[in-house]
Amino acid sequence: MDTLFVSIAVILAGGAAGLLFYRQFTLMKLVTIITTSAGCGIGLYFVLPKLLQGTTATVSYNWMHTLTLFFQLDSVSLFFLMPIFLIPPLTLVYSFHYLENREKRLRTGVNYFFFSILIASMAMVVMSANMITFLLAWELMSISSFFLVMYDYESSENRKAGYLYFIFAQGGAMLLFAAFALVHSHSGSFDFNSFAAIPEQAKLLIFILAFLGFGSKAGIFPLHIWLPKAHPAAPSHVSAIMSGVMIKMGIYGIFRMYLLLDPATPVIGQIVLVTGMVTGILGVVYALAKQDIKQLLAYSSVENIGIILIGLGIGMMGVSGQNQAMAFFGFAGAFLHVFNHSIFKSLLFMGAGSVLHKAKSKNIEELGGLMKRMPVTGRSFLVGSVAISGLPPFSGFIGEFLIYYGAFQGLTGEKLPFILTVLAIISLAVIGGMASACFTKVVGLAFLGEPRTEQADNASESGIAMGAVMSIMALSCLLIGVLPEPFVRLAFSGIQDITAVSSFNSDSFLLIVRHLSKTAMLFIAIFIAVSLFRKILYLKKEIGSGSTWGCGFTQPTVRMQYTGTSYAYEMVEFFKPFVPIKNAYTGVKKIFPGKTTWQSEVTDIAETGYQRYLTTPLLSFITKLKWIQHGHIQLYIGYIIVAIIVLLLFL
Amino acid sequence: MLELTTIIPFFAGIIAIFMPVRVGRGILVLTALLHLQLTVMGWLGKITPAFPEYFAVTDEGMLILLVTSFVFLFISIYAVSYMSETEISSEPIYTGCTLFFLSTMTMVTMADHIIMLWIAIEATTLMSAPLIFLHRSKTALEATWKYVMICSVGIALALLGCFFVVMSMDLGGIHVPITFSSLGTVADKLDPVWLKAGFIFLVIGYGTKMGLAPMHTWLPDAHSEAPSPASALLSGALLNCAFLGVYRCHQLLYQAGLGDFSSNILVGFGLFSMLIAAIFIFHQTGYKRMLAYSSIENMGIIAFGIGIGGLATYGAMLHLIHHSLIKSSLFLSSGNVLLGYGSKLVNKTGNMAKLFPKTFTAFFAGFAGISGFPPFGIFISELLIIMGAFQQGRSVVVSIFIFALILVFAGASRLVTKMCFAPCENPEILVKENWARTLPSFALLAASLILCIWLPDSIYETIISAIATIGGSVNG
Amino acid sequence: MESVLAFCFAVAIAPLLPAVIQKTKAYFAGKQGPPLLINYYTMIKLFKKGSVYSTSTSFVFKLGPVVGFSTSLMMLLYFPMAEVAPIFSFHGDVLILFYLMGLGRFFTILAALDTASPFEGMGAAREAFFSTLAEMTIFAILILFFKLTGSLSFYEFFSGDQAIDLMGEYSALLILVVVGLYVVMLTENSRVPVDDPATHLELTMIHEAMILDHSGPDLALIEMGAWFKLLFYSGFLARLIDPFHAENVIVNGLLFYAVVTFIYISIGVVESITARYKMPQVPKFILTPFILVFFVIILSMGVMQ
Amino acid sequence: MIELSSAFFSINHLSDALMSLTILSVLMSLGSNRLMALVKIMAFQGIVVSLTPLFLEHHESMNFSSIILLLIMLFIKGMLIPGFMYAAVKKIKIRREVEPIIGYHASLFAGLLFILLGAFIANRLHISLPVENDLLLITAITTLSAGLFLLMSRRKAITQVIGYLMMENGIYLIGTALAKETHTMYVVEFGVLLDLLVGIMIMGIVLHNINSSYNDVDTALLGQLKDN
C-alpha cells in the first residue's frame, strides 16, 4: 500500500515540476512526463501482481480529529487502478508533441499540474474506503478535470462547456453527499463497511441517489449532456483521459455502491440494465448524428458507458436471481469493457487530436483523405474504430462477448428478468451495428476519400511521440483481441472479491476464450492467406489508376462526396421521436432557381428537455422574484416587520 | 485583562486619526499584530477578563475572536497597499474606523452581559458606517443610509428582545446578573413565553446584522459600495460577530429546554437566506454583490447547521471559520479586480486568467473553496452539515438545502468563469496587481487549507465544547 | 475428414447455386438464361484480369474484398454444412461469427467510402442501416435457439438431445423463425425486395453500388464472398426445414443440398414475382421478421415453463 | 372593546394623562405633513415619554442616579435631538412631506388601528404582566407600531428618522412598562440612550450628506442600488 502512496507522490511531484519549470518549455515537458509516468509505472508495478494474487490491504489515517482517511484495496479497486496508471503515461507522452505552443507554456505547466492531480485523485477515489476519503478524492477529481477542460478558454463554446461540466460535477457530488449522508444517518459510521447493515428499504433510495450522482459523471442518459460539450473543448490528451478513465470512476462508484449496499431487491439491477440500454442506444444514435469527431467520440463514450452498464445490470440481475454464471460474466464483461474502452477510446481521442492538430478541423465534413496524408494516425484510428465497434479480432469484441455470454446465461429467468435480458441482448446487437455504422462514417469520411478542404489536403503526419503512442495502443487493441486469455483472467481476478460470484468456477469458460483466440488467429491466417493469394493473382498484371467511376458524370468534385449528415440521416431518422432533427430548406423557387441551402441539425433531446422544463422555467421564476431587492428602504423595513409577525404567529 | 484587546485598538484608532497617513498605516498593522498576540495569549489562558460581570471568555467567543483577529491582520496588510492606490476621502478615517471597528467586534466576542453584547453590536454599526461611506459617492451614501437605517431598526428590535428576556427573568422570579453565563445556569426557571418572544426579537435584530433573509437587504449594497478591505471585514468578521449574538440566544433557549423552537427558526431563516441568495446570484451584474449574496448564503448555511443540531453544529462552526477566511480572501481579490478594471460590473471585467494571473489564482481558488471543493474546509463543513441533517431525519429541509447549494453554485460559477476566462472588451488595466495585494488573499486561503489538513487540538476542543452547549457533538 | 470434405464441397458448389436463381428468373421471364456454370466462367475471367484503381483510394480499398471474403469463408468453416460436423465449433461461435460478418461489412463499407463516390457512399449508408436492422432479427433468433437448445454454436443447435427440429415440439414457433430467417437472408444478401442487383440505376442499388469501383480479382473475391454468404444463410435455413434424415452421410448430404437448391429456387421465384420496395419501405420489411421472432420469444416463455 | 374602554376610564394617575398625551402626539405626527411641525411634535413626545417613569407607581422610590439618568434622557430626547432635527430641517429647503406612500387620512386610520392592536396585545398579555398598567402598554405598542409605520410609509429621509425616533420612544415605553426590578431600570435607559445617540448621530451625518449631494432628502432618490 505504501508503494501506491509513493507512486501518487511521484505523480504529484511530476505535476508540480510542470508548474516550477514552466519557463523552460521542453525541459518542463520532459521532466513532467517522465516523472509522472514513472509514478504511474510504480503504481502499475504494485497493482498488477496484487491483482493477480488477489490480496487486499487497508491503511487508515486520522484526519481533523474526528475523521479518518481510510484506504482499502480489494480486487475491484485494484482492477480499476489498472487503467488509471496505464493510460495517463501514454497520453502524457502523446502530449509532448501535442502541446507545442511555446507561448502557452505557463498554461501547459498548469495543465500538467492538474493532470497529475487528476491521476492522483482518481487513484484515491478507487482506493478510498470511507465516505470522507471518497468524496474528498471525488471532488478533487472534479475540480482538476474542470481546469483541464478549460485549457482553451478563449473560445466561448469551451467556456460554456466548462461551466456545464462544473455544474454537473457539483450537482452530482451533492447527490452523492445526500446518498452517503443517508447511509450515515442509518449506520452512524463513515465507513464503507457499514453500508450493508442498513435497513433494506432504505437501500433503494440510497442507490438511486448515488446512481444519479455517479451517473452524472459517467454520462448516463440523460445526465450525459456535459460530455459532448466538455470533450470537444478539452485538449485531446485530456479528452482521452477523461473519456477513457475518468468517466469510469462513475462506473466504479455505481458498482462500488452496489457492492457495499449488497441489496436484496432485484429492482436495482433492473434499473441499471434499463438505463444501460437507453444510454447505449441513444448514445450511439447521437454519435451517428454528430459531425464533430470529438463530439461524436464523446457520444460514443456515452454509448460504451451504456454497454458497461448493461454488463453490470446483467451481473446484478444474476446476483438477485441467484444465477452465478450470469452474474459472473456480466460483471467480468463490464470490467473487461472498462479496461478495453479506456484503451481504444483514448486512442481514438488522440487520433482526433492529431487530426485537429494537423488538419485544423474536427468536423468530418471538412476532412477527408487523411489516410494517405497521416498514415500512422489513420491506421491506428482505423484499428481503434474497429475495436470500438466491438468487432473481432480486436479488443472490443472480447468484453462484449463476455456480456453477451452472461446475458445468454440469464435467459433461464422468468417474466421481467427474462424480457429484460432479451432486450439487453438485442440492444447490444443494435448498439454494435450502429457503432459500426458510426465508425465507418468517421473513418470513411475523415480518413478516406478525397480531402474536402485545403487544410485537410495540406495535413501531414503528427510528431513521433503522438504516432508512437497511438501505434502502441492500436497494437494492444489487436493483442487483446487475439490473445484475450490473460486479459479475461485479469477481469476475472478483478471480480474475485465479490462474494456473490467468488465461488464460481470459470475454467470451462477459459476454454471458450481459448477458442475465441483460435478463431481470431484462424481468421488472421485466412486473411493473410487470401491477401497472399490476391498478391499472386496480381503478379505481372497491369494495374491502372484513374478517377473514380462517376456513374456517367464527367466532372466530379470533392464536394460531391457523400456527407456525414446524409450517411447517418436514415438511421438517425429511424429514432426520430428520441432524436429530434431540425431541417431548414430554403426550397427551389422561380424558373431559374438561385442558390438554395439545406441544413440539418440534430439536437440532444436531453439538452432541450432541460432547457424547456428545467432551466427556462426556473430562470423565469427567479427573474420574477427579483423585485424583492427593489431598492427602497421602506419595503426593506416592511420585510423585517413581516418576519416578526410571522415568527410571532409561531409563539 | 483581556479587555485590552478592545481597549488597545480603540486608542490606537484615536491616535491614527490624528496621525499622518504613513504613521497611521504603521499603527494599523502594528495594532493588528498586537491584537493577534493578545488574542493568542487569551487562547492560551494567559490573560482573562478583568470585568467578569460584563465580559467572559466563552468558547464560541474566543473562536470568533481568533478568526476576527487573524482575518483583520491580513486585511490590514492588504489595506495598506490598497489604500495607496484608491481614491478615498480620508485615509486616517479609514484607519481609525477600522481600528474602532476591530475594538467593537472584539467587545462583541467577549461580551457576556446581555446589554453589553447588544451595545457592542450596536457599536459595530456605528463604527462600520463610515467605512462604507468612505468613497463618498452617491451610491456609497445610499448604501450607508440603508445600512444604518435597517440595522438600527433591527438592533432596536433586538433591544426589545433584551427587555423580553429580562422580563422572563422577572416572571420567573430570578435574581441573577443579566449575563448569559449566569442566565444559562437558571435557564429552566425563565418564563418560556417571554423567553421565546425575546428570542424572536433578538434573532430578528441580530439576524439583520448577520444578513439572514429577509433582513439581509442592506448587505449587498453595503458590501458592494464599501472599499474592498472594509467589505472583507464586514463579511469575514462582522457577520460572525452578529452570528455570535444569535448563537448566544439560541444557547440560552437550548438551556431553557426550548431548543426545538429556536432551532426551527434558525433552520427556517437559514434555508430562506440560501434561497434568496440563490435567486439573486443568478443574473447578478456586480461581482461584489455576488460575493455579498454568497455571504448571505453562507450565513444561512451556518444558521441552518446550528439549527439542525448534532453533527451539523460542528460543521457549522467549521463553516464559520472557513467562510471567514475564504470570503475575506475573495473580497480582497475583488479589490484587486476593482482596481484593475475600474468597475464593479462583471461585464466590464474578463480574462483575469491572463491579465491578472495572481489575482485570478486567488479568486478562483477562493471561489472553489467557497463552493465546497477540497482542499478547502467548506467541503468538510458542508458535508458534515448535510450528514448531520440526515442524521436528524430532516430529509425535506436538507433537500432544499442541497437544491439551494446547487443553485448558488450554478449562478456564481457562471459569473466567475465569465470574469476569469471570458474575453475582456477593453483590456485597459488601470492598476496592475502586485504581491502586496495578492499575498494576503493567498495567506487567508492557505490558512483555510492548513486548517483543513491540520486542525490544532485547542481549536478542535474549543469547537467541541462550544457546540456542546447547544447539544451538538461530533458523534451526533 | 468428413468435415473437411463437406467444407470443400460447399466451397466448390457455392458459385454454382446462384446460377439456379438466374435460371429460375429466366424461366419466369421466358428466357433461356445463362448456363449453370456461368459463375465459374466469370470467376476465371476476373482472375485473369488486372485492375484499375481510383486515385482517391488508399490501402483500405484493397482491404475490403480480402476481409469480406475471409469472413464469409469463416462462416462456412464453422457451419455444419450437409449435416456434417463443421471443421471448427465451440460454444459461443455464433457470436464471433456474426460479428466477423460485421467486420466484413465494416471493411466493405470503408472500401466503398474510400472511392469518394457519392453513389458508393449512398450504398454504404443503406448497407450499414439495413444490416443493423437485420442483426436484431438474427440475435432474436439466437436468443430463441439458446432457449431451445441451451447452446451458442451452430453445430450444437442441430445436434444432441435438444437439437432444433421443425417436426419437434415447437414446430409452430419454428415456422415463424423460418420466415424471419428467410427475410434476413434476403436482406443480408441484397436480394429483391430489399435490393435489386440487376437494376440499372446506381441510385437505387445497395450492395452493387458499393462495389462499383472494384474490378478484376478484387471483384472476384467480393463475388465469391457473397456466394459463400448466401450459401451459409440458405444452409442455415435448410438445416431448419430439412425434413430428411438418412443414415448415410452422402445421401444425407445430397438431400441437404436438394433443400438448399429448393431455397435458391424460391429466391428466384420471389425475385421474379415481386418488385423492389421503395427505400423508405425497406426498414419496415426488415423489422417485420424481428417482431415475429420477438413474439416467438415471448411465446416460448410460456411454452418452456 | 370593553377592555379598551375600561382602560381609558381608569385614568386616575398623572402617568395616564401623559400616556394620553403621547397617543395624541402619535396621532398628530401621523397626520402632519409639515416637517417643522413634526419636529416639534417629536420634541413634545420626547419630553412626555422621558417624564413617564417619574409618575409610575413602582418607580416612586427612585434614587439619585436614576434621576440623573432621567434628566439626561429628558435633555437628549426633548432638546438635543429635536434641536438637531430642527437645524437639519432649517437647512433643507423642503418643508413638506409630499405624496407620502400612504396618505394622511389613511395614516390616521392606521394609527387608530394601532391603538386597537395595542389594546388587543395588552389584553392578551394581561395575565402574565408583572405590572398592571394597561394604558402604558397600549401607548407603548401604539408608539412603536406608528414609528415603524412612519418608517415604511414616508418618502423623506427626515420623516424616516422621526419614525425611528418614535419607534425608540415606543421601545423605551415598553421597557418602562415591563420593568419591575431596579436592576432592569438602567438597562432600559442606558440601552435606549445609546441607541438613540448612535442612530441619530449617524443618521444626522448621512442626512446632511444626502442633502448636500441630492439637494433633497427624498429617499426615492436612494433607490439606485437594487437587483431588478
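Should a chain be cited, it is by its letter among A, B, C and D, assigned in written order, with residues numbered from 1 in that chain.
In this section, a residue touches a chain if its C-beta (ideal position, glycine included) is under 8 Å from a C-beta of that chain, and two chains touch if they have at least 3 such contacts.
Note that this is a predicted model, so its numbers are computed, not measured.
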Neighbouring chains common to chain A and chain D, by label: B
For chain C, the least number of touch steps when starting out from chain B: 2
Top-ranked pair of chains - ranking by C-beta pairs in contact: A-C
Whole-Å gap between the CA centroids of chain A and chain B: 43
Inter-chain centre distance, chain B versus chain D - centres from mean C-alpha coordinates, in Å: 32
CA centroid of chain C to CA centroid of chain D, Å: 99
Chain centre separation in whole Å, for chain C relative to chain A (CA means): 35
Shared-contact residues (touching 2 or more other chains) in chain D: 148, 151, 160, 219, 222-225, 227
Chain B: positions in contact with at least two other chains: 145-146, 149, 153, 193, 220, 280
Pairwise chain contacts, counting only pairs that touch as defined: A-B, A-C, A-D, B-D
Interfacial residue positions of chain B with respect to chain A in the complex: 145-146, 149-150, 153-154, 157, 193, 196-197, 200-201, 203-204, 208, 214-215, 217-218, 220, 261, 264-265, 276, 278-280, 282-283, 314, 353, 357, 368, 371-375, 379-380, 382-383, 386-387, 389-393, 395, 398-399, 402, 405-406, 409-410, 413-414, 417-418, 420-423, 452, 454-455, 457, 460, 474-476
Chain D to chain A touching residues, read off their complex: 101, 148, 151-155, 160, 219-220, 222-228
Of all residues in chain A, those that touch chain C in their complex: 368-369, 371-372, 378, 382, 386, 389-392, 397, 401, 404-405, 408, 411, 414-415, 418-419, 422, 425-426, 428-430, 432-434, 436-437, 439-440, 443-445, 448-450, 511-512, 515-516, 518-520, 522-523, 526-527, 530-531, 534, 537-538, 541-551, 556, 558, 560-562, 566-571, 574
Complex contact set, residues of chain A against chain D: 626-635, 637-638, 641
Complex contact set, residues of chain A against chain B: 64-67, 106, 132, 135-136, 139-140, 142-143, 150, 153-154, 156, 159, 162-163, 166-167, 170-171, 174-175, 177-178, 180-182, 184-185, 188, 619, 622-623, 625-626, 628-629, 633, 636-637, 639-640, 642-644, 647-648, 650-651
